[in-house]
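Chain naming follows the written order as A, B, C, D, E, F, G, H, I and J, and within any one chain the residues start at number 1.
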């Protein structure tokens, strides 16, 4: 089941530099692990913004919630979720 | 080059039924042709709304503009466009 | 799987009175049938507004989309969808 | 008398960790107590967001106000309140 | 129990003049009757706008909903509802 | 001359506790004094929010401005002002 | 007593041409008469928009309401009203 | 003196086809004439939308207003205007 | 050439008291000097808000920009600018 | 390929003065270098605001993203991006 998720990140200007580096590294590792398992289907940068558009493929709403709350950057994110369905004009 | 496009459709309640049927058929044919050529990469229904989220893969802004203006439902659509870039955490 | 759905209705002032009566009757029948099958779990009027807040319990996004598109009043509705997950403080 | 309440939580990034833990524990206890008494009828997580959708069943506006102001997380919440009425198409 | 209600009116420019006159007369009679019974506690014009701010004093949400849906101008109104509670600094 | 005023309060989470207590006490005293003189005609809590809806009865805009700037919580408030006029359907 | 008023005009595309001409002429005459009496203190076009920014100098809210409701274009206007007070840094 | 102007066009779906053709032709001629005189400095299509972003180089606000009101599509446009100034980091 | 400018001020609650006093004094002096030279034509308080509505009469956009950037409170202001033109119904 | 980019800057009031000076100098150098290479085609100040409107001429979305993320002020900016296409009425 697919969901479009837009994540916008706001890091505090006075964030501790070490915490920043380690959080960003954890975020990258987390994102790549979920892409390998197939649950994080697409991950695109919104050009020129500290934001991404992602497509998740998960078993249900609870799993989506669990994945997003697990994001190391979650406390610094504004997130919108759009549930997707099959479009009648989609092929394949 | 990828773009996320959200199209929301508002058909006038008093639209001529024949015009409606033929426009919707033309829209479906148009969408499927562009999916086959690869320029309309993804097409998802936003669940419960007369709206879709699409990903286009085009050569440049002019081509994107040409494709969207060519939509048979274009006069009835509200469209937002987000240019996408490669995300540093994306794999593959 | 639960979804909160807010439906706001705008009927055209010049809608044909017979079409209006029959559409509203069909909407009521549709809503009650889905409540009996259990997919339309809750249906509340937003006090003082031509709007409702509903909770749907469906198998997936595709089914939610199918149910909402099937609403007789769908062409006259503005709809927002919020996917719900289990809350860690919820009991029972 | 029912009210839909949406609570969005924003904890300050530099909140004292002990205060955070104790406030969250108090919030959970508070929410569960009111669910047992029946005044907090439903509590759902909005998937992927630090937010919930709740249904309260209270005697009047004053009681609703008292309950919400009593939330341990109240100072960190953005709250919207929608009074609900019986819907003419609701069954049971 | 008090509610603040803001009603904004949009009459269609091509509304039938007789229907307009009779609807406005019915609205005035309706508003005055409810003021006499005490349920429509205050009625103020928002200066320079086709809008009013009203305070209703009703037994519960269902009654508020019934009163507002009964407004002859209801189909032409945009309505917002704010439940009010006793303020700790209010006197008397 | 009447004005509807909506005040929304945002106290900084790290406000000095003593300053907080004394400011809130001053605010209460200020509000009650103006209610006794009749300039602060109504004061209602917006249920579940750190906000109030008030009706002021003042001689002119300058006096309204003076009263609102004098609020001890003024630096922490977001305020909207709506001038009110007599409604043609109001009784009494 | 001064008020800033912003009026945005939306004439229906299918408005009767004669009604349009006569309404615009009446609006102009109305605006100029009130400028001569001094109640309509300033009238500026918002450059490039069918909108104006005006300053009214009236005895009270009721008079402002009366003047604005009397505008021949009132049914086609979206109006916002801002009550003005003397600024402590204003001279003269 | 430069101004950024964004024009969004909404043609009524039931516009007379001949009026539509002649209005669009007049608009094109008008835009090209002003580009040749140098007052309409840049004209770009916002990709995928019935909208453009333009830069005007005019003598003052009155001239900008005159040019925009003269657009054959003006009655069908939503227009925003941003006055531009020299940027301290601009070269040349 | 006239411009309407709305300035909304947000001073940080923890601003140094001396800096606050001296900045406000400098702002007042600056505003009064420009009123005397005639470039700051009108200055009104928006009643009940830390905001003003001003009319500037300047030679061009660059001068307007220079004046507004020079405001001692500029770093604490949210500013909107509306270019004004002569209104065809304005007298005098 | 052209993009319109609007950048709004918010520097923290308590930013270290040296960091501020050096960041602004780096921003200016960065902006001028890209103007010389031709990728930053236009740079205008939005009059009276800490904001600019820019036109970029880049090879693709990835390059635009790279340039904007490289801005020394990027962490303090709110950025909107509009892809531009050739307008059918543009000359030259």
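Keep in mind that, in the parts below, a contact is a pair of C-beta atoms (placed from the backbone, for glycine too) under 8 Å apart; a residue touches a chain by one contact, two chains touch by 3 or more.
For each chain, UniProt lists the protein as follows: A, B, C, D, E, F, G, H, I, J = Muconolactone Delta-isomerase.
Computed from a prediction, not measured in an experiment: that's the story for all the values here.
Participant: I need the common contact partners of chain D (Muconolactone Delta-isomerase) and chain G (Muconolactone Delta-isomerase), sorted by label.
Facilitator: Correct list: E, F.
Participant: Just going by residue numbers, which of B-J, E-F or G-H has an interface where over half the contact pairs are the same as at A-C?
Facilitator: The same interface as A-C is formed by B-J.
Participant: Could you report, rounded to a multiple of 5°, the rotation needed to superpose chain G (Muconolactone Delta-isomerase)'s C-alpha atoms on chain H (Muconolactone Delta-isomerase)?
Facilitator: Here the rotation carrying chain G (Muconolactone Delta-isomerase) onto chain H (Muconolactone Delta-isomerase) measures out at 70 degrees.
Participant: So what's the Cα centroid distance for chain D (Muconolactone Delta-isomerase) and chain F (Muconolactone Delta-isomerase), whole Å?
Facilitator: Inter-chain centre distance comes to 26 Å.
Participant: For chain E (Muconolactone Delta-isomerase) and chain H (Muconolactone Delta-isomerase), what's the span in angstrom between their mean Cα positions?
Facilitator: That pair's centroid distance is 43 Å.
Participant: Would you please write down the residue numbers of chain B (Muconolactone Delta-isomerase) that are in contact with two or more other chains?
Facilitator: Only 2-3, 45, 47-48, 61-62, 64-65, 81-86 qualify.
Participant: On the basis of the stated criterion, which chains touch which? Give every pair.
Facilitator: All touching pairs, sorted by chain label, are A-B, A-C, A-D, A-J, B-C, B-H, B-J, C-D, C-E, D-E, D-F, E-F, E-G, F-G, F-I, G-H, G-I, H-I, H-J, I-J.
Participant: Show which residues of chain A (Muconolactone Delta-isomerase) lie in contact with chain B (Muconolactone Delta-isomerase) when the two form their complex.
Facilitator: 2, 4, 27-28, 31-32, 35-36, 42-48, 52-53, 55, 82-92
Participant: Using the touch rule from the top, collect the residues of chain C (Muconolactone Delta-isomerase) that touch chain E (Muconolactone Delta-isomerase) in their complex.
Facilitator: 11, 13-14, 45, 47-50
Participant: Touching chain G (Muconolactone Delta-isomerase) in the complex: which residues of chain H (Muconolactone Delta-isomerase)?
Facilitator: 5, 12, 15, 61-62, 64-65, 68-69, 75-76, 79, 81
Participant: Provide the residue numbers of chain H (Muconolactone Delta-isomerase) that touch chain I (Muconolactone Delta-isomerase) in the complex, in ascending order.
Facilitator: For chain H (Muconolactone Delta-isomerase) paired with chain I (Muconolactone Delta-isomerase), touching residues are 1-3, 60-62, 64-66, 81-86.
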